[in-house]
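One chain, subunit A, appears in both complexes that follow, with subunit B as partner in the first and subunit C in the second.
What follows is the complex of A and B.
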């Protein structure tokens, strides 16, 4: 099994909802790779609000979402649904 | 909402004014876009954009409508996938629902059928009934007008709990039924799921097994009855040789109870029976009409004919042994009598020949001796010697008379058969012997029962009784007692002659009826008396038995059949 590609989206310092739109845009641009499971999108954000808006949208679009809290930011991983 | 220019009134056409208007228009468009994007974000399920965090220029630069449109495209695609998956799941579920081996029926709170699977239809729905949805389950499945008291669905609807009924009969079939409450998405009860398992075949198999078991129990009981009612003794051992069953006849013959015999190794049991009797070989072999001399529990000696066989199971494996035995004591005695009679006949013929041949020369010897004794010229010594010759010739003549008597009783042509009263003969014999008994101080007790007349040779019967009573007198010697009893038993006349003499030693007992066997000194007896008696009784179809213990006296028992031609 080949390694899954990671697409990093660093929106540290940006505030929502700009970051929501940026994240959705990234999901739109990489939809095929994300849906097939070839890639996963890892978003780094320090805006707490984004930990609600981004997962809500990603779930509605049919993705699997994992949120992890690091020391100074949140990491939201968007991948193919199970 | 479509953005409309808010004010169309004329205004001074200055570059500042134009700029201002353009800004105003852009602001309105930006507001419109922001509102629409927020509206769409809300549809997606997320929070609206706020102007403090995203100014209009940045908003427009981001192309939010394009982004949201792309998102919607993905959402719709995702929904399509979900719908396809749900359809597949529904079809799979329906296939399972129909293919399962149990009947499944979904019933609402009013007992109306919402749905049922093919198996349920096959099990309980009449063939001519097509659409059953909305019909009452009790009408369709149970042919009833209202739910039965034993209906598990009633119970489940009332209690909200699952109910299981192990066995119920519907339309000639047997079922196990499980009812489970059926809830809607919010957890409210909307009815009952009823699952039916057809156990008709299982029940039939159980009934057949029960019947089979009953059959075997009946057969077992029959066999037990047969075993218990057999006239032969029978006992059965297990694989280890331990007695496990001991029938009534076995108890009657051996005197041991079932409790005493059961649990014993059969070899120990046989050894216990054979104790003190010689010549029995009983260990570890099969028996086929093997004769065993045994002692019963009450110390009676019997001869048993024993046969054994292996007991095998349905697969021909040995699971024990069965032993059967008969009491052949009487049979053996009869055989002995038969052999003795055979011998008597042969001896009778021989004796008749010898007697006939010796009678004439002895008569001559006696005649001539007497004739010579009349000669007056004889010296006294010669006379004395002639007397000895005559005396010895007379003695020899007596022996010959005995021999002839012995020969005659084996010759049926010489017998004189007529109706005979045994009591009269006994009375006569005792009268004849009265002098003899009184002389020896012997008291005679007669106990004469009421008898039927029999057909017999009176002279021969008299000879038998006389002989036996004389033997008793001789055995007692002086001072003793003799009892003579007569009775009728089992169509036979019984004559019992008992004395309190010294008895007959065990080693002598088997030979007392043999011809020429005597315990008297030489010259005192011919050894033919009892042999002649036995021959006479035998010829009359009767039997003669002796019971004697040393020091305890002797009893002779003669049985003569009433119907005897």
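What follows is the complex of A and C.
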């Protein structure tokens, strides 16, 4: 699993519902790679609302979600469910 | 219990605003989001805390009124509902979805350094100025399309109101306790310092009843936007401003123990300068300090062009809609609705319809999502 690809999605400065819509679009576009574990999606957002809505949707789509706060923003990692 | 000394009034509203700013920021209590996400993502969980907010407000307003703590009922900022209330609600609802926030969430997001919200803020001011140009038309439209010649549902039947308020309070309390047992109040969120929306709802309701008791009427904010716009226009084109009826009349005129309290959107120091204006400044300050404390204040730059356009146009629609309806979601949903004021009920219908249309526009035009 060492060469797992990371897809970066920077939505810093964007507000709702753009954050979630953009995130869903990205998840759908890379659905197969994310589902198979070939890739993981890392979303950077400063929008607090999105730290609730994006994980909710990602979990509903069957992904594993990790969130951490990085300095002034939040990093949401979406990957294959173990 | 009314504060009549302008400086006390100013200080109180600044303080209430700061509390609201902190609470709104921490809980991300975005009313635009609550209504929008129902249509956009079929997400209903935040509606619960809004219902809680409305029921607590209803009970607190009623107690405050019957205990004689409230000076004005109905609030002098209210008027008869008209088709303008409905249409303004539709325009406002569309704007709120497109801009990504209502008149308050725009403030608390902007305060944390968000430029999209700053653009929406500028849009709201621009929309308010655009309204001023067409004010005479809307004024006569309002007069010709009055829906009911009473302010509130139970104006002539206080006994019925008592029964309804009591029954609704008890009925909803039972429901709320049931939701508590089912653990339906908790919202999972990761944001640092997240304040659960149900707690935010209780604080907001208390702030609003305090405003009603000490400041004269439940909180409002949009006339302050128009006033801010008037001050700006007065710098650049004072001759134009002087000709506009909207800026030369008062929107609130209340006789009080011999004197008259009045205020409006014009570039003058009046009651709006001691109520809505400090409330708005307080919200920005409260949210700014909270975001700094959480180490989240930062300016990240502008969003993609389409989103930027949506924020600007959405903001303008909010400015126009609130002026056409003579109020926004804060005044009408948080204040008028729990007082059973008809303007609030009519505005709610318009706003929900507008939210639906706004979601369609957002999907089709801004994000180009086809079908479902």
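Quick note on the criterion: the second predicted complex is superposed on the first by the 80 of 82 C-alpha atoms of A that agree within 3 Å, B and C clash if a C-alpha of one lies under 4 Å from a C-alpha of the other, contacts with A are read in each partner's own complex, and residues count from 1 in each chain.
In the analysis below, contacts are C-beta pairs under 8 Å (C-beta built on N, C-alpha and C of every residue); 3 or more make two chains touch, one makes a residue touch a chain.
Remember, it's a predicted structure, so these values are computed and weren't measured experimentally.
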Touching partner for A:21 - first (subunit B), second (subunit C), both, neither: both
Touching partner for A:62 - first (subunit B), second (subunit C), both, neither: first
Touched partner set for A:51, first subunit B, second subunit C, both or neither: second
Which of subunit B and subunit C A:42 touches, first, second, both or neither: neither
Which superposed partner A:7 touches (first subunit B, second subunit C, both, neither): neither
Set intersection of subunit A contacts, subunit C complex versus subunit B complex: 15-18, 20-21, 25, 49, 52-53, 56-57
Partner subunit C, residues of subunit A touching it in the complex: 12-18, 20-21, 25, 46-49, 51-53, 55-57, 67, 69, 71-74
Residue numbers on subunit B that touch subunit A, as the complex places them: 41, 44-50, 53-54, 58, 62, 64, 67-68, 70-71, 73-75, 77-78, 81-82
Subunit C - residues contacting subunit A, complex: 25, 28, 30, 32-33, 36-37, 40-41, 43, 100-101, 109, 112, 114-117, 187-192, 194, 295-304, 307, 311, 362, 366-367, 369
Sites on subunit A touched by subunit B in the complex: 15-18, 20-22, 24-25, 27-28, 31, 49, 52-53, 56-57, 59-62
